[in-house]
Structures are given as structure tokens and as C-alpha cells.
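Sharing a structure with you now.
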């Protein structure tokens, strides 16, 4: 539904997110002006004041385009994304947090309690009574309410249905421009919408496709960190130089900025189409080209990857099979077998 | 011996990936020779242990397997010459990842069995089932988050504890 | 190295004192330290296992437990007596293999606050230690009086190379280690096919006829080979062949006078140690005449004629080569 | 008939380690190898066949196991790797437990030997031989005299037995073991 | 289901038929097949199962018609049969589907016999597991796609390894069918062990008389190329198209010039024991032909024993050869062969009797092995057929023949060597034929289960041979006095006569040890080279012990003769012919169909990361530099799936074993089976500890 002024209604919300995605949108520079031309910004906590009740007041489906960044960490996140889902025609999971869980998702490696201990009793925290945030706290003035933390960090699509996914930490501004352009065109009826559920603002292959470095058949006899390299070969594939570069399994679209700059890809654009488990693809690829046949030798080489989970699951843990909410559900599902 | 129906309250589910040329035939041989092993072991046939995609193992655990076994030809006896070596490399790295994800090392094992070693394969299955039985179910409970979610439907925000909060 | 733990066994404290004395003298010369287990008890030979196996093993277990507690650095337990050796080795092996054994024996040992960890000590026979650890080269280095001209029958008897619980012996029925050792001392080894035949054990006690026949067989075979004397590695064998030789002669109306020495006595002589420190003279069948040969300048050819070797006829069919260590 | 099983199970239970008795193919390697076979009323092979046939009494009353010298020829030659000497010990211990004494001389020799251990913790050769001969071969004693004398004069026969310090402890260990064995035997037999 | 779970879902909505086989009582005896059927119908309905049936014998024609009928009438587009191992009947049921017009690869056979009823003892558990196995099959077959078998051309040439009677037979059969054969033999002549024998049991016809003609035919056959004194060093490729490297060891003889006159051998001054053909009781020269009827007729020169090679002077052969055929500078040469199929007829090795210490072989002169005796009794052997003691003159008055030497003995080989009983009785007959000696046979059991075998046993008994039932304990020359004094110089066989129940010591002049058969010492290595598997003993493993006894697990590699295990001459010949028949059939087909299990690259998604490039042992993965993508050559790909699992972009997929198929099977096989006794275990146990 389009506003009287002919503009489309736009919303953007940050759940558990660093705000980088919002900045990436603002990074459209001049283009943001055209954007303002085409859209009425009805809700965007990062850039303008807004009240949830205003959103609640809107008719369902009245927001044409909503971008949600951030993963679902607490009750508020969950509540608001459900609200926005109701109010929005098109809901885009925007950026790595929303699509895969990203850094906040790493919290799923531990327990909520453990997490709180680190924050509220960790070094440099003076908390003699070992207080913890609680969703309801009685104070003289009355009862205070705080959004409760959820037991697991979840990706947006684990909570509400998502129309499109746009990967990246954050998504590249050029891609944002493309996507906004594309969707605007569609909203204007000048173009068709991309198939629902598809990934937008990214390619269909992997970063290697965009990376210009020279590659040959791979055999890795040692994993090293960049500072351990005598000298970085400017032209040669980073993985072949022993740097654990995630480019081979990471969806393209970023323009391979990191590897081309000599920094190994960390995988923020997530897996390519149809991949079951991002981490599995990475570890399988790395292991396959380890240049050793004897267990001892293999171990020696693998010791070069001190934190495999960090290497392979940095962005995708919350969406992963073993540490994702989906896994938890599947695991419990298989138990519903009482005679 | 855990071949006889076990009195233990918990009977694990063990998923074993087999190689079409060695361990799968060893399993056939165990059958033909009526060698017994626990029914909690279930087999999936691959052409080679080198086909074992780590995602299969993760999926198995996520779908309720209490342990996963990679079986294949003895080193240097691979039907595809050297492909079981690649399987070994992946096994080692995946094993590290699983341990870091909080899964006991015994829950992911590898067993070599030539086509002639039905007896040995059955023995290995029996041993592994015993080990896993004593470990208990794959403890999603060790991650209270997941446990909690499994109790509360995902869309109901649940409340963390209030210990140490005065008043 | 902190030397070897040493379990002498009852005989060496008694009838086989010569064995104890000679092995001590020899090992001193070789600079090998032995530490006798404090307050060890009898291993029960085969008799205890006969009446009550578990108690029998517990009896042996106590010695292993003592050994473990007195280990302090050395993890090899040497037994010079074949019966003791096999009992200790067997108990350790069975405890390693069977959880039940482990549990029951340690249960019994616990009654006196003792415990043995299977495998804590490696049980080995003195002969095997001398041949494997110290080595024939080292022995030869110390030979100052080669036993030239002395014709020796090397006799292991049972229990050393057989049953061989720890698979230390390439051959269990015709091992040549003792032959090589005797040869290393400069003596002439007579072909003695009965090297691991039975000496009769306690048959002299419970079935003399059989016991005597078994003794006769050995003495006769050594005599046929033209041996001046026979060396043993076991007190029981020495006792049977030496002490009962007279009775045996009496029984068969034969008149053998085959001296039976411990192999350590022979080594001692080759090391030019004083016969008295080697307990020589304590044997019932005197070795005096036999030993007279040593050191006397007699070229071996003038020694007793070797049994006539059949002249090779051209038609003779070749013999298969002896089995090499490498053969499967 | 179930009687068969019962007895061989009994033997299996009484055997320390694995007996493998069931694996016997009746080839006779044991009987052929045995140095004291001629003293046995049945060859080991025959004894095993009888055991498997459930002839409990004949087996326990046979002197075969008592004539075993533990030379281990049968053990290393047996094509089925049956632990024959251990089976012999087992049969003897069952007989002892049930008070059956087919071979007094051998049994007594073992007893005397064991008594000494209980007395001193070590074997006492003079005592052993003397007692044993007095009981079974008095006529041989004179013939033995020269040997005995020579042994003594050559210092090979001490008249004072050595008593170990930990004798009390040793006795408690042996007592405990015997209990365990009895208990064990009962449990196994009633399997 | 996860994002990718349904990767490549099948076009039409799956309509699956499930067929549970009773296999008589083989399955039904331990698995409640009706329960499995009903469960499949109910619980797997949502997964596309439209019909579920059980039947006593699915593999029967009626069972198959059941499937065909449903495919036609119920419009099934997927079939799951729960029965035996796919290695047993996969083809059968695929055939049924094909007859009904369904692509055969849309059928999945899951094993609830080898994997459930036969290996479990708890009916409930076995039933529950069977349900899970069926569920796995259903969720897998949903993801199947129609496939066409791969067709590979078959090279007409065949490699036969081993020139014994089995190899010779195979070679002749194939050659007579008009196809080329390369026959590789390690020794200087073909003929194998049979050439060493004198007579063959039970018919007693002379080995040479029946073998020589076949050797000659093989040597002169236009379609057979002999590679004697040679070994296969390398094998690559796959069925229909193997490349084989064969090393020709130097004979030091120019076979084009040599006439086989034998002057070199006659004049050669170096005479050494021949441990191979003469089994160590005869001699040969340094340049020699192992035996008069050797094929080919050319001698070989053995540098180890040649005076020239050892000391640098002599060259008698070179000087005296009338055709100047001696080539002392000859070098080894390697030839490369292209063949479509391979027959392994590598035979056996005799057990080394020295390993059985108590029998005194090698220590006691007059203890002989069966092979020594074969040579001795052979008219062309070292003694010209005279049965004599080691001294070469004395005829034995008594002979003891010992059975099961190294066989039926867990200290050596636990298996029965199959031929020793008959061989031993043949010896008894030959001894009686050549001498008037008394002969004893010492046996555990007489195994005479063959045509005319037991009759031969009777005959040998009638000839007066004394049979003593007892495994010989030891052979010794140590006597028990006084009763044995008279046997000085003889051997004593100590044994328990188990039928008497007494230990006996039987004096004999000669002992013959009937040694067992062992795999060739390098069997493991050879198996590896040809990509096949051996049993723990080292015998080649058949594709199926009953139904496919001459094929191996590797397509195009067959085995014959004693390489498969101990057997007698007729069986060796039979397996040789059988292997030949299998191969001839294939060659005549010109091409053969292979499982279409191959990897393919989706070049759209390939980013050219080159992770996979080095993973294929068959170099089936090629990298297209221009388009910067990897491609798989289906002709070379063997379908192992390593690259599929390795591809980081998920751009490589494997037919027959796709991610979707396997993930589907995992989901299914782990599906709850409503806890009918089996796992996954039920709620209470699974409840998470608080």
C-alpha cells in the first residue's frame, strides 16, 4: 500500500545488532536522497525517534518494505520482529546477524548464565552482591520491567517468516543500493519481485569467483597466521599461502575486498546457494587439501587452526545444525516417541 | 556384552556410515554368519568413506543420533586407492570441531574393517554401543539454552533466573 | 640404571645356593645390580595352584605387589628359577588379561593392605636377561679363561621358552640362545635335541619310575653327544639331574656320571672367577674331572672325538636350511 | 542331556583365564606330547571328552590331572590353543573342593608343600622331602641316604626353615583368596 | 527440513511403494514384517508412501510381478524393497521396475536381513530397526532421479597372472574363443606346482602327461603372449580398459636365437641346489631350464649362482652356445599392456615345515615335506623316482605320513588345506608302489569328500596302509631305553592313538610331512596392486562366495585356482574356465554397463577455487583455465564422491549418492519408530537432566 504522497512506506529495525547495518544503509551517500524521495520512513530507531505504539497503530501489511538487522537475543527483539512481520508487506533479513546470527550468535557456544557471569562478575566489574538483570525488579517506585533474555540467540527466520535474505557484515552499500532499486522498481510495478525466500544483494557462487589472485591445485602443509608469513605474495591465493581464507565457501557479492587487500576472507556473506551447513563446507574443504596421510602429520597441520569453531562458525553458529535453535527443535522432536 | 536386549534404561542410537567395498560387505558378512551386534546400530551405505560429508555427521547428531561411526577400508587398502586418507583428514578436523561444540570424543569414532572382517566390525559396534550407553544420551541438556527452548516453544520468551537479586 | 629387582625363590636360598652364589658373582663382574625383593615368599611352584588356584595366584601376587612397591626406578623383575619365573609371569599376564582376576587377586591382597598393578613390572628369566639385555658380546668381553675343550650340553628344560606368556622367545622347543651363550664362553656345544625336554619335575616324588626315565633320557642324550657336563638354568632341573642321578643309575643299572652345573657357574669359570665363590663342589655328581680340562693346554681336536659324521656321498640329498629369524 | 554342559561349565568356571575346553577337536596332540602320559589312567584328550560327556565322577576320580608335570608341551602344541595345564589345575581344585583324592601321593606332596608355605611362607626342602618320603617311600629312604647326606654336607639342605616376616599378612591374604574362590565357585557353578 | 534438505526434489510428487520381504523365515522369523508394512503405510504416508505390502519372497517372479502391477496400476514413481543386501538382489528389483516402465534407478533396496533379522536377537528391536531402515529408504528414494547406466567399451585383450594349471586353463579358453591373452608367470616356465607332481589323486594319472600338452598349446597359441620370468609391476585404469606394466627380468638369453639345445646348461660348471622346482632336494645349473618339458624352452641364467656374475670369469655358456644366444649384458625391460579384463591365478605357497619345531624338519635328516616327496617319486626327479632316505641310497622299510602340518592349527593356519588328506593317501600308494615299506598315516580326520576320493581311501586301506587316528606330537631320534634300543638310527613318531586312548611311539625310517597350502607371501601386496581385497589369511575374497565365486569386488578383475583358497586340480581348472567364460561373455558384448554413480560440476556455481583439483586418484577432475571452472570427466570418474564432499561451494554433486539422498536417508533412519522396544529410546530416558 502506497502513501498518499506516492511514497512507499519504509521501516528498519535493529534487533541484537551493532548498528553497522544501519550505517551501511546511510553509506548510500547521495543515493540516500533519492531514497528519501521514494520512501516515507515510518520507523527507524537508529535514525529517528519512533514509538512501538505508533507501529502497532498501523494497519497490517501497511509497511511496504522493512529491513531487519540483528539477531534475536531477547523478548523485545522477538516481540518487535513479530509486530513488524504483521505490519510489513516485504520483510528483509538484513545483514549477517539477521540471516545467520553472526557474532551475537556465538553466545550459543555457552549458556546464558555463563554469559551473564562474564559480563556482570567478570574482571573489572564491581558487583559485590552479584546482581543479575531480571525481567521484573521491584523498586520503591514500583516494578520495573526489562525484556527477558532468550535462552538461545536465533536468526530472524527462526522466529518469523522472511521474504528475502541479504547477507553481509554489513552488506556492501552498492549492493544495498541495487536491492533498494530493485525492490523500488518492483513496488512501482516496473519490475517483478525476485522469488520469495531468495537471497538478494549477493552472487550465486563464492568469493573466489571475484578474487583475482592466482590459484592452482591446492595442498596445504601448514596453516599460518598472516604475521607468521615471511612475506605475503601479492598475487597468490591466500589459502595456498597457508592463510585460512574462507573465500572458497563464502557467497560472493562483496567484491572479494578482504582477500584482494591481503586479509583472509572471514565468511561474513555466508554460504552459497543450497548449502546445508556453512561450517561443514569450510572444514571439509580445508581438511580435504591437508597435505598429509599419517594421523600424526595431519594433527600437526591441523594444530595450525587453533580455534576451528571460530574459524568455521564465526558467522553461522546461530543458524547451525548443532548450536542453532532449529537443531534444538529437531533434537527434541526425535524424543517425542513415548509409547 | 550388550547384544542381548539390554537392561539399561537408555539404548543409544548409533549411525554408522559404511564403505560399499569393505565395511558394508563386512556388515553383510556379519549377517550371513549370524554374528550379533546391538540393534541400536544403523547403517548408511556410501561408495567410499571419502564421500562422508561432515554435514552428514552434523545432521545425524542434530536428528537424534547419540553417536556416529565412520567405517572404511584399512589405510592403503582403499578401493579407490587413497580416498580413505581424505576421509581420515576430514575425520580428524571434524572431531576437533565436535569436541569444541561440547560433544564427547567417544560419540564420533572411526573403525577400519575389510570386507572379510564381519566379526571385527560387529565387535567394534558392540564396543561402541557399550561406550555410548555409559555416556548416556547426547546431552543437549548441557546447553541449558537449548534445553530450555526444547521445553518452551520458540516463540514464548522465557525468563532467566533471578538468583542474587535482592527484594 | 637402577638395576634389576631380584626374586631368588626358595631353592636358591637352599638346595640351589650354588646358583645364587654364582649368579651374584657373575653379575657383580658384569657390573649389573640386583635388588632382592624384601621379605618375598614362596611362589608355590605348581603345588599351590593344584589345591586352590586363586590362593595359589594370590601367593604369587604378594611377590608381585612387593616388587611393585619396592620398584623405585627398576621395572624388570628377574627370576633365576624357571618355576618361579613362569608363575610370576603367568600371574601378571592373567591379571592384565582378565578384569575378574585383577579384581579378585587385588581383593585378596587388600586383606594385607597390598595391591598390584598388572604390568607394573616385567617378569623375565635370568637367562633371557643375560642374552638380551647384557648380550653375548658383553659376556665375551669378560671371558678371560675360554672354556676351550670343554664339551657342554645346554639344557633349558621347561617353562623358560615355554609357555612363554610374553612372547619373548622366537622358538619354544628348540631355542638356541643357551647354545650361543655356551659357545660364547669358548666351550664346545654338543648337539642336545632335548634342550627343552622335561626333567621330571616332581615326578621323582610322585611317580619315581617316570621321573627316573625322564632323567635317564636327558643324561643319556647328553652322554651320547659326548658331553663332559650339562648346564641348566633351573634349580629343579639341577636337583633332579644331579641329586637323583645316583638313584636313576641304581634304577636302570646304568653308571652315568654326568656333572650338572648351573649356567652361571660356567660363566663364572669363563670369567676366571674362583671356583669356590661359584659354589662349585656343591654338586652331588662331582665335576672335578670335567673341569680339569679347562685351562689345560689341550687343542680342541684332541678333545673327545666328535660323533662320526657320515661322509657326504654324492647321491646324498641336500638338507633344508635351518629356519632363519626372518622366515615367517 | 543338560548334565554334560553343567560339568564342563563347572570346569570352565574353575579355570583361571580362558579354558577353551569346548574348542577341543580330540586330535590327541596333548596325549602324544605328555611326558607322564604312561602314568595317566586316561590321556588328557580322553579326559576332556569325558568331561564334555558329563562323566563328572570318572573325571574327578581320574589320576590324569594329578600326573600333570606342568611341562606345557601340550599347551604350546595344542592346535586349538587350549590352556591344558590350567584346565588340569581346575579339575584338581574341584576334586580337592569335593574331597575326592584319586592320587594320594601327588595330593599329599602338594599338601605338604602348601603346609610348609603356611608355616613359614617359604618352602622347606628338608622337611618336605623327609615328610614326603616317610609317608610314601619309607623303603627308599635308605637308598636316599647318600644323596641326602651329600646334599647336607655340601650345605644344600638347611635344617632351619626360614620364616618370612609378613607371614601373618600372607595368611590373611591366602584366607581371603580361598573365601573369594569358594564364593566364586559357588556363584559360577549355579550359573 | 533445512534450507537445503530438499536440494533437488524430484519433479513429479513422489508416489512410493514399499515392499517388505519375509525371505521365508529368514526375515519374518525375527522381524514382524506385517508391523513394518503397516507402520510404513501409516507413518510414511506423509512422505509419499501410497502402498505398502509384504510378501513371502519378493525376489520370486510373483513378488516381482506384484511390484510391476502396482507401478502400472497405482502409478508408483518410486519403489522401496525391504529385503536382503543390495549386493544380492538390487538388479532383480531394478529389473522389475524397468519392465513396468519405471526408470530402474528410482528403486531402492534396503537390507533388513543382513542388517536386522540376521544380526539381532530381540524381535521388537529388530522390528523397530527395520521400520527405521525402511523410513531411510523412503526418504532417500524421494530424492532419486532417473538415471541411465554408463556404458564402457571392453578391450578384447585379457591379462592372466600366474601360469599354473588355473592360469593356463583360463588363458586357453579365452584364446580359443579368439581373443588375445597375455599370460604372465614369475618363474622361467609355466606349469606351476602341477608340473612338479608325479601322479594326481585319486585317478593317479601322471601329472606331466596331462599337463604338458596344455603347456605346449599355451606356448604356441597364436592368441597367447607368454611373459615368463616376469612380474606385473603396475596396474591402472578400470574395467574394459586397464593399463598394465609388466617387468621382464633378464634371462641373459636372446630368445630369438636360442634353440633350446641345452648345451649351455650341460656345460655350466656351477651346480646349486634348486629350492624352487626341485623343492630343495635336487640340483640345477646356474643357467638352466627348470625341467625338461619347460615352456618356453629357453633357459634362464641365475646371476646369484653364476660364476661369471660372482667372480667375473667363466662365460662357458657364452663361449659354447652354438647360436651365440647368451647375452650377459641383458637388462630388465618393462612392457606396457592394454587389457580389458584380468584373471589372478597366482596360486599358493607350501607351508614352511621348519616352523613346526617338534617335527624336526631341517634337523632330522629323514623328515621330508610333501613337495620333496613329490619330486622324489617323480621319474624325472632328482632320484629318478626312487624312494630313498636322505642318504640317497637306503630304501625305507617303514614310512610315516603326517597330516595337517601347519593346517587346522591356530598356531599357524587355522583353516583346512583341503588337499592334504588325499595327497597323503596318494603318497601312501606311491610308497607301496615303489617299495615294500610299511606305511602309516597319522590323521585327525580323513576328509575325502570328492568324486572317487573315499573309494581311494578304501583302496589305500586295502593296500595295507596303517591308519592311526592322532595328530603327531613329535618326531624324534631320542630313544627310550631299553625297549627302543633296537631302533637306534630310526625316527620315532610319538602320537596318541586316540582310538586306543594311549600314547604310542612308532619307529619309522622316513617321515613325510603333508604340509598345508598358504597364500603367496606377497598376496597382500598383489591384492593392493590390483585393487582387490584379501581375507585375513591372504586368500582373494570373492564377490559372492556362492553365486559369484570367481569375480572380485573390483569390476574386471577375476580370480582362479588356489589364489582363492586351497583347492585341488579339478577345482582349479573349473575356476579357471569359469573366469574365462565370464570374460569371454563381456568381450563379446563389446561394452558393459556400469552403475551411473558419477560426480558432476555445476559450472555456474563453481568459483574455480581449485580445492578439488588434486583430490582425484584417477585424474578425472580437469580445470578449464579459460572459464576458470573445474570439470569431471565421466569416463575416468569412478564415483567415490570425495570431490562432492570437498566442494566448498556445493557445486559438485554425485549421482546415486547425492546430498539430498543421503540426508533424506539419515532423517528417515533416525525417525522415531514409536518405541516398539527398539531405539531411539523413549521419553523418560531421553529427558534432559535438570
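For reference, chains read A, B, C, D and E in written order, and residue numbers begin at 1 within each chain.
Quick note on the criterion: contacts are C-beta pairs under 8 Å (C-beta built on N, C-alpha and C of every residue); 3 or more make two chains touch, one makes a residue touch a chain.
Predicted, not measured: the structure shown is a model, and the values here were computed from it.
Colleague: With subunit E excluded from consideration and all other chains held fixed, what connected components does the contact network retain?
Modeller: A, B | C, D
Colleague: State the chain with the largest centre-to-centre distance from subunit E, centres being mean CA positions.
Modeller: When every chain centre is compared against subunit E, the largest gap points to A.
Colleague: Return the chain pair with more inter-chain C-beta contacts, choosing between C-E and C-D.
Modeller: C-D
Colleague: Would you identify the chain whose Cα-based centre sits farthest away from the centre of subunit D?
Modeller: A
Colleague: Report the inter-chain centroid distance for subunit D and subunit E in whole angstrom, where each centroid is the mean of the CA atoms.
Modeller: 49
Colleague: For subunit A and subunit D, what's the span in angstrom between their mean Cα positions?
Modeller: Chain centres of subunit A and subunit D, defined by C-alpha means, are spaced 78 Å apart.
Colleague: Roughly how far is subunit A from subunit E, centre to centre by C-alpha average, rounded to an integer in Å?
Modeller: For subunit A versus subunit E, the centre distance works out to 57 Å.
Colleague: Would you please write down the residue numbers of subunit E that are in contact with two or more other chains?
Modeller: Within subunit E, residues 358, 615, 642, 645-646, 659, 663, 670, 680, 684, 686 contact more than one other chain.
Colleague: Mark out which residues of subunit B touch at least two other chains, giving numbers and ranges.
Modeller: Within subunit B, the residues that touch at least two other chains are 53-55, 59, 63-64, 82, 86, 90, 140, 147, 150.
Colleague: Among the residues of subunit C, which are close enough to touch at least two other chains?
Modeller: Within subunit C, the residues that touch at least two other chains are 172-173, 197.
Colleague: Taking all chains into account, which pairs touch?
Modeller: Going through each pair of chains, those in contact are A-B, A-E, B-E, C-D, C-E, D-E.
Colleague: Please give the residue numbers of subunit D that touch subunit C in the complex, ascending.
Modeller: On the subunit D side, the touching residues are 14, 16-17, 35-36, 38-39, 66-67, 69-73, 75-76, 89-90, 92-93, 96, 103, 105-107, 109-111, 113-114, 116-117, 121-123, 125, 129, 132, 137, 140, 143-144, 146-147, 150-151, 154-158, 162, 164-166, 169-170, 172-178, 180-181, 184.
Colleague: Over in the complex, which subunit E residues touch subunit A? Could you list them?
Modeller: Checking each residue of subunit E against subunit A gives 2-5, 7, 604-615, 623, 642, 645-651, 659, 663, 670-676, 680, 682-684, 686-687.
Colleague: In the complex of these two chains, what residues of subunit E are touching subunit C?
Modeller: 273, 280-283, 352, 354-355, 357-358, 360-363, 365, 369, 376, 382-383, 388, 390-393, 476-478, 480-481, 521
Colleague: Subunit B touches which residues of subunit E in the complex?
Modeller: The touching residues are 85-87, 111, 113-116, 118-122, 125-126, 128-129, 132-133, 136, 528, 531, 533-536, 541, 553-554, 597, 615, 617, 638-642, 644-646, 654, 656-657, 659, 662-663, 665-667, 669-670, 677-681, 684-686, 688-690.
Colleague: Quick one: which bits of subunit E touch subunit D in the complex? Just the residue numbers, please.
Modeller: Going through subunit E, the ones touching subunit D are 358, 404, 408-411, 444, 469-474, 494-498, 501-503.
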